[in-house]
Amino acid sequence: MKAKIISNSCVKGPCYKLLLKPLNPVKSVPGQFLMIRPGASDGPSDPLLPRPFSIHRATTDDHIEVLYKRVGKGTAILASLSAEGELEILGPLGNGFVFDGVAAAKEVVVVAGGIGVAPMLGLVETLRAGYPEKEIRVFLGGRGEVDLLCVEELKAVSTEVILATNDGTMGFKGYVTEALEKHLSQSLITHHSSLVTPIIYACGPSPMLQRISEITEPLRIESYFSLEANMACGIGLCMGCAIRSRDGKGYYLVCTDGPVFRGESVDLSGNPPQSPFNKGGD
Amino acid sequence: MKPDLSIEIAGIKLRNPVMLASGTARYGEEISHHCDLNQIGAIIVKGIALKPTPGNPPPRICETPSGMLNAIGLPNIGVDAFIKEKLPFLRQFDTRVLVNIFGSTVEEYGEVAGRLEGVDGVDGLEVNISCPNVKEGGIAFGTDIGITRRVVQTVRRATTLPVIIKLSPNVTDIASFAKVCEEEGADGLSVINTLLGMSIDPKTWRPRLANITGGLSGPAIRPVAIRMVWQVHNAVRIPVIGMGGIVTTEDAVEFFLAGASAVAIGTANFINPKVSLEISEGLERYLESRGLKNITELIGAVKTA
Amino acid sequence: MKPDLSIEIAGIKLRNPVMLASGTARYGEEISHHCDLNQIGAIIVKGIALKPTPGNPPPRICETPSGMLNAIGLPNIGVDAFIKEKLPFLRQFDTRVLVNIFGSTVEEYGEVAGRLEGVDGVDGLEVNISCPNVKEGGIAFGTDIGITRRVVQTVRRATTLPVIIKLSPNVTDIASFAKVCEEEGADGLSVINTLLGMSIDPKTWRPRLANITGGLSGPAIRPVAIRMVWQVHNAVRIPVIGMGGIVTTEDAVEFFLAGASAVAIGTANFINPKVSLEISEGLERYLESRGLKNITELIGAVKTA
Amino acid sequence: MKAKIISNSCVKGPCYKLLLKPLNPVKSVPGQFLMIRPGASDGPSDPLLPRPFSIHRATTDDHIEVLYKRVGKGTAILASLSAEGELEILGPLGNGFVFDGVAAAKEVVVVAGGIGVAPMLGLVETLRAGYPEKEIRVFLGGRGEVDLLCVEELKAVSTEVILATNDGTMGFKGYVTEALEKHLSQSLITHHSSLVTPIIYACGPSPMLQRISEITEPLRIESYFSLEANMACGIGLCMGCAIRSRDGKGYYLVCTDGPVFRGESVDLSGNPPQSPFNKGGD
């Protein structure tokens, strides 16, 4: 589907915000994503494939915001596009976040690393609208201050925003997962009950998500991760976006089974599987 | 009068000569939400083996200049589950279904073919010989002419269905493989499967695919595919299904001119899952604008003299 | 201290491991106006045969997705004229000169090699075996393992110069060709020459090259080239010169990681005739930024386990 | 070399004018050309090669004008570029037009077909400046009115501009070569002397140039053609831009031996050569 570019501009460092008006209204839930082809569909064949981007925010007037980081050829082309142009998009795709456990949870904890914040602002806004009284604590991490995005917007809709940077240029100095761990252990001590636990939503680099698993699984905290994988199609055709399932028996497809997964269902270790699955073929 | 896009290939009558290439449309369900299967010539389903297999660990794909590498590892649900769980969906559509089959031994090819014999909704077999031969050292069946011959013989004996052999491009002389397939009774040839490639990330020093090497597809390989379709068309009389890097109508025309009787769209489905419909409409307009009545007028019509 | 880019390959000491690929820098003069030949590792001159030949009729080239096809037809001024008219120019520069040679018969290879023996300014031979064998049916020397062996034997006997065989990628198993070259005394291997391709103009129905088929080069073929460099590096102990689609420093790094001891820049010279200088500077920065002291630390360092 | 895009806009139909300011001043003569890479040099690799374009005009303040027609992927990208951007250019390249025969010629005849006018305006302006008294007659042909470019500019510096279109939408109805033939035969009748002949400069599609050869060679008219060929490098590296020499012995390279050639020296027929030159190799 064609979408008109309403605006496209740098928000901070290498990060841009793209406001799109799709030809037909798109109904989405937080955590879903779009495939966006950089450049015209009958244009040059490099870059070839469309790129996956989270729906950052779906506005009430059927516009879609995408928050993206310029990292390679595709996002470089995106960053060069000017308003009034058009883009080919496909979506909304994927499952989106699940809210079943929110009502019963002690608090909602949202963890985002770097550009991983992209799907999280819409999530927090939706949560706030649905659960006005809920405590929502957002942990935002990055290498430095420049990586921390949407801080004000998040503050407006959450109970607390905790910042962490590796270089200490803003907030807690260290990994965001250290800040998270500290918070969780304190809150467990304070409450003395492990029956009512927080619910966690996270998006960011694999090592961050893995660390969160290590912290939350012993505490039996329900966690949802929005995952990334190389994608060719985004709609279940290519089977390229596999992520190993924790039971070791097979794979999920990030595009259709996800991108949101229960933390304990996926294997983010990157280690080769035990059984010799490898085949040379396509 | 509208030009006639219909064609009979390997005994299979097609509404139009545009197919979905194996491995790029799964078993039809996902793509059916974007592309009306009633309007395409045929769907060639993702490779099916005797037993289910989960495929390779990630990363399974990466982009390359005007192409992509994949090492999906042929995940499949197994032939029995395919017949029970996937075929019924496809039978709802007025299109042709070619089942892409593979095996890890020559015998397995025969067994899979045998199971599909007489199954309602299967119009033909496309035999993928680009996968590793587990019993005989792991080299691809399709890169050894003797093993290729045995696979064709075995499948031919196991079925009365139209048999289309999908040739590997990773060979010195593709025409000689084509001839062997024709000799052993193949009804048609698919040309080409992916080129074996590799890519390394200069940041991590790791291969970009967990499987180290993978298959190169997309526009990057089109010149190689066109050359091979032309060579095969000149070497045999059985029809050729041309594929490799088709994105636009003009790309498809190139394949017909080189000698293809039908085309299959692979990687381009990932860019635009409606593209095969657009190409079949584009072919109609192309013929119309040149006053041609029949798609057959293009086949092998390249002017080389 | 700056990282050390120098390397010895096939007995030839290079200032840095970046060469100009054969057929993309002629005999050096034209490119010298854009690219300081004193700063590159080596120039591999355009293919030289015994007798002058004018080349193919136009069109000789066309662009393809991320690549180009060429059927230049190996125009050359003949080995004697090369020595008399072209080498003196190259001798002015402090760089290495590899002479790319070809023939239409096995014997001709020996004769050309013989004429270059002991000639001042020639540092080694690169033997192009991807051209048609006129006596033996016109197939390329480099796609037949027996003929490849004879070419290597013949050239090896005719010269004491370092002999680098340039392998054809249009074969089923490039490693077996590499091994034969090593057995027969080759000092190094160039990997890869162009992939055989074809393109047809859907407007005119004519091949886009007068020669019908041609050689595919450029970024499109890089994944195939990387795969073949890796295969060859794992099969032999003689050094590999990697080429095929290198445009940037990162592309060159990929080749080193796959097992190349030096790289050659071909098609990219047409886009930017200074690119080989930029890549050798880029390699220096790449090593520096990772705290590496020597380019040799990259060779074959891909992490496959 | 980098060049700044000063302006880039449509002049008529699919034709655009690009005004460049090269980083360093470029001294050129009419008929020379530039190689221009569409897009950034470290950008996507499709389109891959730089494209050849005539120097339409070299302005006195070291700017270069390029007149181009949008025909394929490269020129589509060019047409999309906006002022203030940069392009990578190489040039001036090639030999340019030769003026030796102008002084002695009865008149200068310039023939341009379609976008072939690109190098001709600069040529006529230079001729007018060098030979203020000379009769300069310009024949401009196209399929229709939309193909006739630079008419006013040419009128300003030439004695006469004769227009021809195949569909008769402007000027003479028919091929520009028919108009040329008519003029030449009349002018020969009037002057009764074939010793003082015109000199011809032409640029356009091959069939047009071939027809001009057929007309002018029997009359021993000195003619110069600016030729086109597929080019990869533009500087003599690839040997891709061959044009057959008339003696049948070999080839010229359009980029370094041309792009301007004496009409009688080149074989534009497109027929295969007599001797079997073909080789499979690169």
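Here the chain labels run A, B, C and D in written order, and each chain numbers its own residues starting at 1.
One rule holds in what follows: a residue touches a chain if its C-beta (ideal position, glycine included) is under 8 Å from a C-beta of that chain, and two chains touch if they have at least 3 such contacts.
None of the values given here were measured: they were computed from a predicted structure.
S.K.: Report back the single chain whose CA centre is most distant from the CA centre of subunit C.
M.R.: Between subunit C and the rest, the longest centre separation is with A.
S.K.: Averaging only over C-alpha atoms, locate the centres of subunit C and subunit D and give their separation in whole Å.
M.R.: The computed centroid separation for subunit C versus subunit D comes out at 36 Å.
S.K.: Express in whole angstrom the distance between the two chain centres, defined as the mean CA positions of subunit B and subunit D.
M.R.: 46
S.K.: Mind pulling the subunit A residues that touch 2 or more other chains?
M.R.: Residues 44-47.
S.K.: Pull out every residue in subunit B that's touching 2 or more other chains.
M.R.: 65-67, 213, 218-220
S.K.: With chains as vertices and touches as edges, which is it: line, ring, star, complete or other?
M.R.: Per interface graph, the chains form a complete graph.
S.K.: Name, in rising order, each residue of subunit D that touches subunit B in their complex.
M.R.: For subunit D paired with subunit B, touching residues are 44-46.
S.K.: Under the touch definition given earlier, write down the residues of subunit B that touch subunit A in their complex.
M.R.: Those in contact with subunit A are residues 23-26, 30-31, 33-34, 46-47, 53-63, 65-68, 70-75, 102, 128, 130-132, 138, 140, 193-194, 210-211, 213-215, 218-220, 247-248, 267, 269-273.
S.K.: Please name which positions on subunit B make contact with subunit D in the complex.
M.R.: Those residues of subunit B that touch subunit D are 65-66, 219.
S.K.: For a test of understanding, state which residues of subunit A touch subunit B in their complex under the given definition.
M.R.: 37, 41-42, 45-50, 88, 90, 229-233, 235-244, 249-251, 256, 272-273, 277-282
S.K.: Which positions of subunit A touch subunit D when the two form their complex?
M.R.: Contacts found on subunit A: 43-47, 73, 76-77, 82.
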